[in-house]
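Down below are the structures I want you to see.
In the two complexes below, chain A is the common chain; its partner is chain B in one and chain C in the other.
So, the complex of A and B:
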């Protein structure tokens, strides 16, 4: 273990400004993507994001060709070419984004194909069209399919803004993030209602269809900006996974948005560190010394996937861990209530002062094993409901009140069953032994009222009064 | 065929009728699901829209609200097209039409009814939250304002929807099955609110499934089965004979002609 830590630190000692710029650019790109992603996930249109990342390809190629053509015609000067190219690129992506949505709807309605199948038809066809365009126009376009698919975040510092050391990609993704943040803040209300209840939104004058197209356009533009950094495939991870992770962690929209940004932002440093550290650690040990680092974009997708897995496990209230803890607490509470019930019944039978009998009952009348029983009794003693005095366990006054409630629940439930169910008398007990742990004072009150304040259960035992 | 036993809608100027549907046909894939609907809603009345599954009850409401296209016919709300009268119409969609896991609380949902009043791009301020809270109080849900909507029971969710309609302060309400899947207490609460709306001169058209409660809850009834079978005051129109006509299966010929329209690609 110390060896691994030392090697990790050693590997990270080589961190240069280049690495910082990679992380900053990737984080900005991921955060920019996560904002439209939140609304795609909430609208249950996550796969539309996947589709858009594919259909943008023909948009990019056509925009490239258009920009070059305009350049040749002399409509845009070489000085402004770089800026104009980005403008045309965004425009192309947005048009294709809306076209994807419209085409999908057409195929769905006119072709009478199920909605997700329509999406599948449209985006694969447009993607294929994009690939063909790249092939046929390859001579004229300095567009490398590899760089579209996988991104080139490792080389961001090559292309910096003149006069500053700031990579162009960082500026671009930063701007996109700012625009998206602005849009979310300004149209928060409209985005929320058209995602939650599009029909009502439309009747209120907020055209949900137009909002859908706008979201598609913004998503496509965001994707195009992020392509150069993280590639067209991995960008889907940044679009969907942060939002899905945040939805697990919060039930408030603004917090979901903030958490998505945080998860997306965090995935960049995590991913880059993993890309530097993991290959030598893993492959070096396996004897593949030639593997020295991995794709940062790829590792970001892995990192964000790990954050999602952590959320699944740790989410407050709904996470796997929370459910395990909740279940464990419930099991101990049920065992403790069973102990209370046993001691209360011993008191009823006048055996509470006979140590041998009480211990015998505690050991044999409970379903819980010795470990759980011990845990339950310690809990009761800590709560001041039980004392171990001399050789015998006794209920405290507080414990007796709690025990009375449990026994009252049990016997009221039996009386209730006797009234409404055709059951043999010896069947009541098992049901009541389960139900007694879930019946609160309000339910007891209603049950007693319905049964006309019964004094005896079906076995003829007295139902204790509420304390 | 269509009985109009109630003269009242015609004694008033048409402009004051909350809803006038003129010869409306709605089709899915060219196959009409609602044929030639002619209807005048009476002002200040509770109207039950009643009919079997697939009769086009929800379709009628959605077509009136321009949510789905009409193949023919037109709709007037207080004498003008719906476009110009949006603010006077409140809509309560079916509860199942939205995702109740959505990260919003009850107050957020009720405040949505105010979005038109608040206007584009403006935030929901304290003033509007207060209005929304008052509406929640009216439906007996003030204690649940901050509750995430997935943690509400079906009846409570329906009350939230109703509160959202109340804050719209509309003159005509179109409600799609507000009574479906609610508990007895919620049913009573909804009825009380409907009566209160009526007493303040508002009109509500409510898709309703429970035939037994129609005479108790509603003044008027619209019997629908792809066509308008009968409309008018409950005591005159809600007769066993009309119900038999409404529920006694679809008109075989209507179905046949509709099918042929689909096949031949006509029907507009």
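So, the complex of A and C:
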């Protein structure tokens, strides 16, 4: 362990300002993506986001070619080339984004093809078109398919704004993030209503179709800004996973937005550190000394996936861990109530002072195994409902009250079943053994009223009074 | 259309991929078409087999609404391939080229991806679409990260792994084709053996479960077939596009038939055709990546099917819609004529006493009958005149011909029988009857009319031509 820690610190000691810019740029790109992602996830259009990330490829290639063509014609001067190229790029991506949505809608409505299959048809076709374009245009255009698909944030940050050390990509993604934030703040109400209840949104005069296409256009534009840094395939991770993670943690829309921004922002430093540290740690030990680092974009997707997994397990209240704990607590409570019931019935039968009988009952009349029984009894002793004096377990007054409530629930429920359902007598007990743990004093009160305060259950045993 | 425009735009801008000398193309085309090259034959055979099996498996995935699962499997297989390569290289350098091991890695990772998707759906409140997107992107991200590691390996043959992403049908050798043929044969045999089971699964999962079919195991088998097809496809079309071979032929086949057996066959056929056409095109124009061309060829077949498919094609649907609109318009006009004559002529009450052909109906009265525009009435009249149901002109009024009168009697009788049925048996208020009858009268067939007659004969005497149960309004307001 100390070896690994030392090696990690050693690897991170090589951190340069460039690394910081990589993290900043990637974080801005990821945060920009996570905003439209929240609404895609809410509207159950996550795979549309995936489709857009694929179809942005032909848009990007065509825009590149168009910009170069305009440049050759002399319509844009070399000084403004970069700016103009980005303008054309955004426009191209938005057009292709909306075209994807429109084509999918056509195939779905006109051809009556199932929605996800329609999406699949359209995006694979456009992506194939993009691949062919990029292959055939590779000679004319400074555009590497690998860069478009996987992104190379490591080299993108070298291209800085003149006079400052700020990478152009960081500025671009920062601007997109600001625009997206502004859009979310301005149209928060409309976005929320149309995401949760499109029908209500329509009756309120919000144009659902327009919202849909606007979201597509904004998503496509965001993807284009981010593709240089994280790649057109991996942006899908930044689009959907932070939003999904946040939706596990909260049900408040504004909080989901804030949390997904945080998750997306966190994934960048985490991913970059993992990209630097993990490969030498793992593969260096396998004997591959030449492995120095891995793709930051790829590791960011892994990092955000890990954050998602963490949320799945640890989310308060709904996470797997919380549910396991909740279930365990419930199981122990039920076992403890069964122990109380057994002891109460033993007192009723006048066996409460006979240690062997009581122990025999505790060992055999309970469904719980020895481990759970021990846990339940320890819980009861801690709560002051049970004492172990000498060789025998006894109910304390508080324990007797609790036990009386359980037995009263059980027998009232049996009486209630007997009155209202045509069941054989031996069918009451199992149902009552389950119901006794869920019937509270209010329900007992109402059942007793309904049954005219019965004194006996169907088996002829007395129903104890409420304490 | 947009696709074609984009494609033209792209080609024009690039001036590519048209080779400079036409003779070269023709020569190349002949070489490919005559299957002269051993290599072309090998690649064509392998890819076509892949297309057929993908088309067949895709049919069931489409009907189960699981089309995009294939995309997840394909993307998720990348880390498996990369990891298998690294592990093999660690064990003994140079072994990373073993295709079997790489594909085994892909299969394992693909299954893991499916498992992860199912687990997310099962244990969290994340919806299906997001679960797919999460698994797809995170697995693919891991794959890319491992990929960069592979590139740094001393023996790193990253170029070979590249083909798994983009596909490279041209690099196929006889060994691969033998593998693909065996795998495809296995996939097709399993599909054939479990055809009935998969059918039930695709159409009514609950029913299948209630009938005692092992739904979960069948589901796993179907997904295993998807993994199989994906892994076969990795080599030739690449993981980014292999999903297209699962979706597009199946979606295209749906336009041609409503029968699952036929759909499966058509889908397999289209898949094979698309794959073959793509490989041929990329053999003629070597610059074009085979995977992408295969997808575009399949998309072309999809477009053709969507337009011209004889079951659900856009044209067939438009034609059927037009025909049914015409029929409805004709019925409405005939009924309007009948009711106008009926209300303006004093008869003894028997339908035979009503001479429908004698009495002309003025244009304005027809216009007032329903909420028709003047242009629509004119169109309906013109159509009816063409069909010989109505004669006359605007100045003298319009009369039914003998054939038109017979049709009108039948239409009105159907309408009123249905109205009576609704009143007698369905307890519909009289004011609502006309609207409901309007909607159904067009689809009453002779059998149903006979049934209505027997059902009503016990209760009503005037079945020959029932009187309208409500006042026939000249005001169109109620007809909406």
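Remarks
Definition applied: the second predicted complex is superposed on the first by the 451 of 467 C-alpha atoms of A that agree within 3 Å, B and C clash if a C-alpha of one lies under 4 Å from a C-alpha of the other, contacts with A are read in each partner's own complex, and residues count from 1 in each chain.
The working rule: contacts are C-beta pairs under 8 Å (C-beta built on N, C-alpha and C of every residue); 3 or more make two chains touch, one makes a residue touch a chain.
Since this is a predicted model, take the numbers as computed values, not measurements.
Of the two partner chains placed by superposition, only chain C is touched by A:137; chain B is not. In the superposed model, A:196 makes contact with chain B only, not with chain C.
Once the two complexes are laid over each other on the shared chain, residue contacts for A:247 go to chain B and to chain C alike. By the touch criterion defined above, A:450 reaches neither chain B nor chain C. In the superposed model, A:186 makes contact with chain B only, not with chain C. After overlaying the two complexes on the shared chain, residue contacts for A:105 are found with neither chain B nor chain C. Of the two partner chains placed by the overlay, chain B and chain C both lie in contact with A:44. In the superposed pair of complexes, A:206 makes contact with chain B only, with no contact to chain C.
Put chain B and chain C next to each other and count what each touches on chain A; the higher total goes to C. Looking at chain A, you'll find residues 44, 112, 247 touch chain B in one structure and chain C in the other.
Residue ranges on chain B touching chain A, taken from their complex, read 29, 62, 65-67, 86, 89, 91, 93, 97-99, 102-105, 108-109, 112-113, 115-116, 118, 120-124, 148, 150, 164. Against chain C, the residues of chain A that register as touching in their complex are 41, 44-47, 49-50, 54, 58, 61-62, 65-66, 69, 99, 103, 107, 110-114, 116-121, 124-129, 131-133, 135-137, 140, 145, 149-150, 231, 233-234, 236-237, 239-241, 243-244, 247-248, 275, 279, 283, 286-288, 290-295, 297-302, 304-305, 308, 312, 318, 320. Note for the complex: chain A touches chain B at residues 42, 44, 112, 186-190, 192-193, 195-197, 199-206, 247, 250-253, 255-256.
Per the touch definition, chain C reaches chain A in the complex via residues 2-3, 6-7, 9-10, 13-14, 16-17, 62, 65, 67-68, 71, 86, 89-90, 120, 123-130, 132-134, 136-138, 140-149, 152-154, 165-166, 240-241, 243-244, 247-248, 250-251, 254-255, 287-289, 291-293, 295-296, 299, 302, 306, 312, 314.
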